[in-house]
Structure formats: structure tokens, C-alpha cells
Amino acid sequence: MSIAVIYGSTRENGNTEALTEQVIDGLSVEKIHLREFQILPIKDERHSANGFQEVFDDYNNVIETVMKHDILIFSTPIYWYSMSGTMKLFIDRWSQTLRDKNHPNFRSELGKKKIYVVAVGGDRPSIKGLPMIQQFQYICDYFGMSFEGYIIGKASKPGEIQMDTKAITCALQMKETLRKHVNP
Amino acid sequence: MSIAVIYGSTRENGNTEALTEQVIDGLSVEKIHLREFQILPIKDERHSANGFQEVFDDYNNVIETVMKHDILIFSTPIYWYSMSGTMKLFIDRWSQTLRDKNHPNFRSELGKKKIYVVAVGGDRPSIKGLPMIQQFQYICDYFGMSFEGYIIGKASKPGEIQMDTKAITCALQMKETLRKHVNP
Amino acid sequence: MSIAVIYGSTRENGNTEALTEQVIDGLSVEKIHLREFQILPIKDERHSANGFQEVFDDYNNVIETVMKHDILIFSTPIYWYSMSGTMKLFIDRWSQTLRDKNHPNFRSELGKKKIYVVAVGGDRPSIKGLPMIQQFQYICDYFGMSFEGYIIGKASKPGEIQMDTKAITCALQMKETLRKHVNP
Amino acid sequence: MSIAVIYGSTRENGNTEALTEQVIDGLSVEKIHLREFQILPIKDERHSANGFQEVFDDYNNVIETVMKHDILIFSTPIYWYSMSGTMKLFIDRWSQTLRDKNHPNFRSELGKKKIYVVAVGGDRPSIKGLPMIQQFQYICDYFGMSFEGYIIGKASKPGEIQMDTKAITCALQMKETLRKHVNP
């Protein structure tokens, strides 16, 4: 099994990335920093006469990279109690891929994947981040993906995540689980 | 009291707009269609040496328009169980405005506003849309905004919202409430 | 189709009952006031050598009455952000019925029913009552019951529910839906 | 600081108790097994002419024991996606204590306490237990209690909780936190 990490952070080396680093330390993963790609907002053309029109940005390349992997780790800062807009733009586009003849089995292929979420927020994230976790669950349910686990860390200032010993402990735990998936 | 409607829809005249139309029928409102503006993803520079850098897009104009009004109606389709990426990009940028010297009272000014949410989704939205409602509540709590009410409609195909008699009834109800706010 | 209303209120003629009265006005329903019955807390004996032991209280009679009907309306005040303890005691006992040889098809029989929830709370119930709604959904999902709708009213003092025009409007709406189920 | 553990389990030595045992191992705590006491359902008499009437059961003794402690650990199995009816009966009665002249400072006294929740469920509890966590948060908010942390374990059969290494790890983590509170 191979792993892709999909990062929704908008700055480098922030707390979310640092916590995720603990999760993937020593594992072979493909890192996808969404901020490095141009991904336009979806234009809902499900019901247009001609359906969705081709969009000329980086989305198709990104989704193709994602689809190569068996385990997806969504690593996102919690902005306003949900995933970053950067990550939401990416996920919104799945509605187009669901109707893309180049991805005829998108739903079932995605449905084979295992999902993990690593999120960091500053405002009582272990409570106020829970609606976001429920949303990830609904997304997983839609595709039949297996939502295997999540970590919610608390941090605001650079480096602060290292003081969230609970999150760090959970990260090590998640790493062990991933290691077993990769080398059963 | 004056009203702004902030639309997160990505197509014209969709179900979300149609439901919102029922809410504002006969009222004087300023309509802000976010899809018509360029709003870039926030770059989190809260902790950078130089802080947030000026962004050259339409966000500042949009937020200034928003701030003129007392009542804000967030009108969004439910994409993947939360607000559209288009709307999320807009709200994410509030983190920058909170630190913008041109908006020294942004938090307290926003805290005076009354908030309504009108949302439409296709996949059991009256249940699966609830985490999004909780997120709006957390956003309101952060600023001290008063979250006055929400409607969640169910529709997928064009025009289908008209068959959701419960949502239509709630829309008329909300219109009456708004009318009293505007003409007490 | 026939309707049972299962009341979790602990006082007579309170706001929850008053709101429910609007829902069932003119309809033929069987009313089950849980407070009038002795229903003991479940004793979890799923894993005991001898399994669940017979409990001598009113539960079996109540569940038999419930099972005769096609539509169940759970009418509960919101106590501490969830259903009343009186109602929870009743639902907890379902775990025993699931293993009761007198109810060999309990899960599938329950799975045929349509569920409505009418709830009234005093502390921002349209937000703080949502976790309870999610829990009802999970219960419905477990059995395969169809969760058809819910109303959350706001009231504390006697009679106050009549001022929640939104809830009253929704109650009338729900009544129309029920009427169509009963006389299609 | 002293610790009380309030158990909502209905059988002895179940998974919830076993997980809680890991949390309190080596700490001095007062254990309150609610199943050993008679606690009647609240009768809502907030609005009766004579107010709440004295109830002759064990509740008053239990709440007095609880109030002696600074840290409360609510240890409950997840029954139907929320706390056990046994625990709910106890918490529902707080509405009476809030109006009990023998507890004139109930709200503010409770507001000084630190709260932890340890819960175990069998049906995807890390997702389906989240509404219950949100409800505990709302309860804490009402009183001003500090909701310090929660663990959700997954287990059904006796002893199964020991296989939930994530929950066990979190329990050890919580124990360390408690130890620091008790011996700062």
C-alpha cells in the first residue's frame, strides 16, 4: 500500500505540517502541497446542456497523482472550523471528476482508499473541529472510503504543536498503524 | 437595517438562489455574487516577520460592501457537506482582515451583525448539512454575531427546490422576520 | 398507516406536548406517555452467561404498542441538549429487545417504520439540539428506519411555544405530510 | 485537587470501566457507580406553583459527594450514540438542584470543576460518539465548567477495549494530565 499526503496548508512548515511530519516520519509517502498548484473553484455545470467544460488548471494532474495511492492523508489547518479553502477547492472539483469520462470509475476507485485526517486549529479544536470530522465522514460514506482515523491538534504560534503532547502521542500511534498497512 | 446577500453559488439561477429569492422577495437587498469576483486563497502570514501582505484581488472591495450592511444572508449550495469553496475562500480571508490596519474594528463591527444562512443540498441535507450549520454558529460566536436562523433545502436538478414545500414555507417565514427587521 | 406518538415529557401539557398537538391535530394517533409507565434502566447482560434476564416492568407492553404502528413520532423536551432521561431509558432497552426471542424480527420490523422527532428546548435549541438530531439519525440508520423529519421549537415557560411561529409553521407542514401518509 | 469518577455503566467490569481504570490507575479517586443508587427521572416542576417537590431517592447524597471534588470524570458506555440512560437520569436532575435552596451556588460551584469524559461504544464510536461529546461541551458551557478532555474507545465484547491501542494510549496520556493536576 502506498500513501499520499494531501496538504491544505497555506504556509510552509506550519503546525499542521509539523504534526503530519510526526505521522509520516520514516514512511515513504508522496506529498501533494495543494498551495503549489492552481486549482480553480468548481463551476457547477452538472445540469448544463453541455455538462462540465474542461478546466485548464492543475487539478487533473493532482487528482491523477492522488488516485495512484491506496491511503490518503488529508492534512489541513482548521480555518474557521473547517478545512482550508485551498483544500475545499480541491474536493469540490470531485463533483466534476465524478462526471468525467476520463475517470469512469472515479467513485468506486476512490471507494477503495483508506482515509486519515490530520488537522490543527487554535480555538478549542478538539470540540470545534468535530463538525469538520463529521463532514469528512460523510464524504467517505459517499464514496465508500474507509475513514480510518483522525488527529486534531491544538496550536496557533509556530512550533506550538510540539506542546500538544496528546496530539503528538496520537501521531505516533497513527504512524504505527500506517507502518503496518505499508508493511503488513 | 439593511441587508446583504452573499452568494456562494457557482452557477446562475440554481436552486440555492431560487430558495434565497423566496426569502428576499420584495425586500431591498444588496446582492454579492462571490463567483463574479476574484478572491484568492488566504496565505497564512499571521506569524511572518512582516505579517500579511497586500493581496491584489477583489476581496477588499467585497468585504467593504459587506460591512455596510446590518444583516448578512449567506446563501450557499452545500458542496460535500459544507459551504462552497467559493464562499470558504471569502471567509478564510477574514483572518487577514482581522489583522488589517484598514479594518481596526473588524471583529467588533462584524459582531453587530445579524446572520442568516440559506443552504441547499442534494444528499439528505437536513441531516448532513448540520455540521455546516454548527460551523456557522462557531463563526458567529467568534465575532459575537447573532445567528438568527437558517434554512436547509433539498434539491439537485434545476427547479427542484420548488418541490421542497418545507423549505419554501421556512423561506416565507424568514422573509417575514426580515421584513420586521427592516421596517420595525 | 397508523401513528404512535411517544412522549418523553415529564410534565403534562408542557411546550413539547403543545407543539406536538399542532402536528397531530385532527389525526388519529395512539399516544404513549412514557412518564406513565415504569421503565427501568437497562442492565447490559449481552455478554452474561445467561443473557438478558426478564425485567418486570411496563417496557414490554409499551414496546408492543409501539410496534403496531407504522409511523413513530418521538416527542421529547430537550434536557441538557439531548432527549429526556425518561425517553432514553425506553430506547436503551431496545438493546435487550434486539436479543429477545419474543421479538425475533425486532430490527427489521423497526426498520420499516417512519420516524419523526418533535423537540422543544430553551437554550438555543436550533443549534444546541442538533447533536440530538444526529443521534436520532444514527439510531434510524442502525435499524434502517426512515428519518422523515424533525422540528425543534424554542420555549421555556408554559405556553411560550405558541410564540415560536417558525416551529408552529413547521408543525402544520409536518401535519400535512402525515395526513398524506395516513390517507394517501 | 481531588477526583470523582461518575460511572454510567450498567454492568460491572465492562469495557468502559476497564478503560477508565487505565486513566485512574495509581490515582486516588472517589468512585460513584450510578447503577448502585436509585435515581428517579426528573419531574419538571420548574413552572409549578409550588416548584420542585422533594424526591426521596439517592440523588441528593450522590450530588453531595460529587460536589466535594474538583475534577469529575464521566465514564459512560455509549448506548444508542449517547450517554447511558442511567447517567442521563442523574444529569437531568441537575435542573432541580439548580433551583434547590440547599444548593444556592450549584451553578457557580459546578462551574469551578474540570471535566473529563471516558466513553466506549461499539458502532464507529470515534464518529458516532461525537454528538455526545458536543452535548457534554454544551453542558460544560452552561455551567462554565472546563471540558478538559475526552477519550472514545471502541469495544463490544468483554475485554475488547484492551485491543484499542489508541484509546489505551490516550488513557495513559490523560492519567499523566490528571497526575499533574493532583500533584502539581
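Order of writing sets the labels: A, B, C and D. Residues in every chain begin at 1.
Criterion: a residue touches a chain if its C-beta (ideal position, glycine included) is under 8 Å from a C-beta of that chain, and two chains touch if they have at least 3 such contacts.
The structure displayed is predicted, hence computed values, not measured ones.
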item: Greatest separation from chain B - chain, by CA centre; value: D
item: Classification of the chain B:chain C interface as same or different, half of numbers criterion; value: same
item: Angular offset of chain A relative to chain B [C-alpha, multiple of 5 degrees]; value: 180
item: Pair exhibiting more inter-chain C-beta contacts, C-D or A-D; value: C-D
item: Whole-Å gap separating chain C and chain D, where each centre is the average of the chain's CA atoms; value: 25
item: Centre-of-Cα separation between chain D and chain A, whole angstrom; value: 34
item: Multi-partner residues of chain D (each touching 2 or more other chains); value: 130, 134
item: Chain-level touch network, classified as line, ring, star, complete or other; value: ring
item: Every chain pair meeting the contact rule; value: A-B, A-D, B-C, C-D
item: Parts of chain A lying in touch with chain B, wherever the complex brings them together; value: 9-11, 14, 35, 41-48, 77, 79-86, 88-89, 91-92, 94-95, 123, 128, 130-132, 134-135, 138-139, 142, 157-158
item: Interfacial residue positions of chain D with respect to chain A in the complex; value: 126-127, 130, 133-134, 137, 147, 149-150, 165-166, 169-170, 173, 176
